[in-house]
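Across the two complexes that follow, subunit A remains constant while its partner is subunit B and subsequently subunit C.
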Partner chain A sequence: MTEFMQALAQGLLIGSTYGLLALGMGLVYGVSGVVNFSHGDFISLGMFMCLGLYSALTLDPYVSIIITVPVMTAIGAVVYWYLIRPMVGHKFLMVVQLTLGLSLVLQNGILMVFGGQPARTPSMVESKLLILGDVVVRVPHVIAFVVSFALAIGLYVMLRSTDFGRSIRAVHQNANAAALMGIDVSRVQTLTFALGIGILAIAAALLLPGTPIQPAQGLRYTVITLLVVVLGGMTNFVGIMLGGLIIGISEAFGTIYLSDTLGMLLPYGIFVLIMLFRPQGLTWSSR
Partner chain B sequence: MLEIEHLVTGYGGVPVLQDVSIKLAAGELVGLLGANNAGKTTLINSLSGIYPPMSGRILFEGKDVTRLTARQRVEIGIVQVPEGRLVFPEMSIRENLLLGGINARARAHRARQMEHVLELFPRLSERLGQNAGTLSGGEQQMLAIGRGLMAEAKLLMLDEPSLGLSPLFVQYIFGIIDRLHKEGLTILLVEQNLNLTLRHAQRCYVLERGKIAVEGASDVVKDDPRTRSAYLGL
Partner chain C sequence: MRPEFYKTLLSPFWLILLVLAVVLPPLLPSYYLHIIILTLVYVALASAWNIVGGMAGQISLAHSLFIGVGAMFSTALLLKLGINMWLGLVISAVISGVLGAIIAWIDFRFRLGHLSFVLITLAFAEMGAVVVEGWDFLGGASGLLLPRDTGNFLQFQFGGGIGAFWAMLVLAVAAILINVAILNAPLGYYLRTIRDNENAARAIGVNVLRYKIAAMVISAMLSSVIGTAYVRYLTFADPYLLISPVIVIEIVLFATVGGLGSAFGPALGAILLVPLGEILRGKLGGVLPGLHYFIYGVVVIAVILITPSGLLPLLEKWWARLRGTAPARK
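The block that comes next holds the complex of A and B.
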């Protein structure tokens, strides 16, 4: 029972961050129809930037976000404006290919700068534990959970009650009509992409403490993010957060109850099962 | 107020509009008629800056606006209420109206403008929180017009406002158009419904296959045999 609770707690905590990763991807898909296959490599980039900042200035990853968030946001804006925007509206597969290419560029760029050895970025809270009855959780996981949910709620409020948020939803629901309102659709798409990448910079710092990193890990994060986004119904806010929790929990159960290799398969197995019975995602479609 | 001079617009190098010239004086209610595919929607989309013109000029309040972007057109007061209404279905009436007034010029007076719109359409004010997608066609048309007014239009272009509405709603919507006209708004009314438009507009243009076939005061256009033939595609 303790083991069960332990796995559940750990899965929930990590799953919230998976949800956050997926919200960024879902938002981008919602406004521009782009599925970004370099999503995970941008997480990598965020993590290695934290590593670089630690090596150079001994900055804690949680402090590094002051630098990584604006830098990654700017990178996101530039990448969308100059690389993706000219392709949007063309064949879907061309954009997929572009982002896959971007993934390789990022991966090898990181490899060139940091080398292929697995690395760790220390943090002051890395080994701290929180004991709740029988369940022991790592403090970085608790921080990840709290920050992820706070950001998700913040995003939700932003989408509901600011002009920028309403513009995002307008472009998602009908880009032509949005243009007739005087909304600059390309600008909204660029800012949303930049926002999505900026969020990744935070998520990278949240996932970093205690996790060894290496340049080729990006694809794993992309796949997890895709699972969550598809589970959540692509653009459904609540569905995506829920999907994150489900993937997080199944990953935790997989590693605790099954062998290492088999455990890694569990999230995918559960994903396939859910998709068989609810191909539209966990929640009913909401635009 | 609006002068279109020898406008040619098209897609993929093929012109849809060929040498179209139209003038609207401030405060006029002008009809733009034509059968399906005559180029009516292409024309107002070029006025909205959605399609760049291949040649020709568009002057608005004496200034050349031919090269302005869609956003800049809305900001100077050229506002379109699109065909099929295109309300944002998963947003409330209130949010739809707020989006209507999102351009830099209108944003400052959104609260006041919303009062005006809701007074014009009391039916909308009863259900501000309701999602636009759940409204009837007629109510969505009210919302689409209201949203256009939120932008503080100087020139309001209505694309097929009667499309798919019950006769009662058509009457109501045209009553509103008349009222806006009397309040001094300049209106370009794009319609397939010939008789209805001829009754409400002061002047009309008839488009036929991308060219102006007939123009003039509504009763003149009405009696011109070319109007009927343009419609029937003869």
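The block that comes next holds the complex of A and C.
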């Protein structure tokens, strides 16, 4: 039972951050129909920027967010405006291949700068533990959980009740109609992409403490993010956070109760089944 | 077959290439021969992938499964059960064909869209990598080492260097010819109809399931055979190379850069990019690991932004303008 609670707690905590990763991708997909296969490499980029800042200025990952978020947001805006925007009229598959190319550039750019050795970025809270009854959780996981949900709620409120949020939803529902209402669609799409990448900078810092990182990890994060987004029904906000929790928990249970191989297969198995039998995602959309 | 097929086959360009292929390899230093062999491997793989990815328009990332089965399974059969590698090649190709048929059936049965197809095949590719790394029969994460190549043809050995060159040349040419044949055969027209509008294809009576399965099975078996030949050349069955999704992503990028859907486009992409990458790795790999992939990425992005349909159509357009004629429509 202790083992069960332990796995559940760990899965929930990590899953919340997976949900946050996926929110960025879901937002971008909803607004511009782009599935970014370099998503995971942007996470890598965020993590390695934290590592760089630690080596140069001994900044704690949580502090370096002050620098990484604006930088990543700017990178996101530039990438969308100059690389993805010219492709939006073309076939969807070309955008997929463009982001695959971008993934190679990012991954190997990081490899060229930092080398291929697994690296760790120390943090003040890295080894601190929180004991709740029988369950022991690591403080960085708790911080990740709290911040992820706070950000998710913040995003939700932003989408509901600010002008920018309303323009995002308008473009999502009908880009042509939104353009007729005087919304600059390209601008909204660029800002959304930038926002999505900016969120990744925060998520990267949340995942970083205690996790060894290496440049080749990007594709794994991309796949996890895709799993979550698909589980959540691509653009459904609540569904995506829920999907993150499910993937986090299935990963935690899989590695505890099944053999290594089966445990790693479990999330993919769930993903394929959902894709085939409930392609609209787990939650029932109101539309 | 239409007359163009034989015309393409017999143009003097190919005869010159054949003469070069006979004369050049023994004269080249082994390093450059290695680059040529690698290029041929990727020409063959990109052409095999093109049958599904280019003609039928389905970006399959599951091809690492077929390459991996061809490479890892035939190696394991030889090392663990002593089965001749020629037989192993056939068994692996059949397994790959069955896997391909299953994937094509799933795609048809559940009417996956383009995006769903990419995602599902990516999930299959990742699952394949996880299974191979966790299964000792296939060598697990540490891979399998084949016995030394003594040139015994009956044991699927080609005697290294020049023998491997000929084996790969045969495979690459076969893959391209299969592409040309399919493009000019009814199957090619059905596939392009399905790619351009699946519902319309269905409405005019094209048997979508049959042709999707046909394309996938041909492509999968071809990839598997190339995988077996590739691992025989490498002698080391490395799961991180042969069954990782990265190898498919590379193939997709070569095919895209060259030009999807045409018979020679994917080959052109591989011919341009593989030597570039290998030479960069040879010259700068020690100083800056990753540089050649970085440059692949930049080239791919540049080509997609400048000419989204690939380099081959662009070259054809220039060639036509040079000769003052309108380009032929494919």
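Rule of thumb we're sticking to: the second predicted complex is superposed on the first by the 279 of 287 C-alpha atoms of A that agree within 3 Å, B and C clash if a C-alpha of one lies under 4 Å from a C-alpha of the other, contacts with A are read in each partner's own complex, and residues count from 1 in each chain.
We adopt the following convention: a contact is a pair of C-beta atoms (placed from the backbone, for glycine too) under 8 Å apart; a residue touches a chain by one contact, two chains touch by 3 or more.
Just so you know, these numbers come straight off a predicted model, no measurement behind them.
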Let me test your reading of the model: by the given contact rule, A:134 touches which partner, first (subunit B), second (subunit C), both or neither?
neither
Touched subunit A residues, subunit B compared with subunit C:
C
Regarding the shared-chain residue A:3, is it in contact with subunit B (first), subunit C (second), both, or neither?
neither
Under the stated touch criterion, which partner chain does A:223 make contact with: subunit B (first), subunit C (second), both, or neither?
second
Scan A:275 for contacts with subunit B and subunit C and give back first, second, both or neither.
second
Kindly classify A:182 by the partners it touches after superposition: subunit B alone (first), subunit C alone (second), both, or neither?
first
For A:163, is the partner it touches subunit B (first), subunit C (second), both, or none of the two (neither)?
first
Regarding the shared-chain residue A:174, is it in contact with subunit B (first), subunit C (second), both, or neither?
first
I'd like to check the shared interface: which positions of subunit A are touched by both subunit B and subunit C across the two complexes?
none
Interface residues, subunit C side, partner subunit A - complex
57, 59, 106, 110, 112, 114-116, 118-120, 122-124, 126-127, 130-131, 133-135, 245-246, 249, 252-253, 256, 288-291, 293-294, 296-301, 304-305, 308
Would you mind writing out the residues of subunit A in touch with subunit B in their complex?
163, 166-167, 169-170, 173-174, 176-184, 286-287
For subunit B, which residues count as touching subunit A in their complex?
48, 50, 69-71, 73-75, 79-80, 82, 86-91, 95, 98-100, 102-104, 107, 147, 151
Quick check on the complex: what are the subunit A residues that touch subunit C?
35, 83, 86-87, 90-94, 96-98, 100-112, 115-116, 215, 219, 223, 226-227, 230, 259-261, 264-265, 268-269, 271-272, 275-276, 279
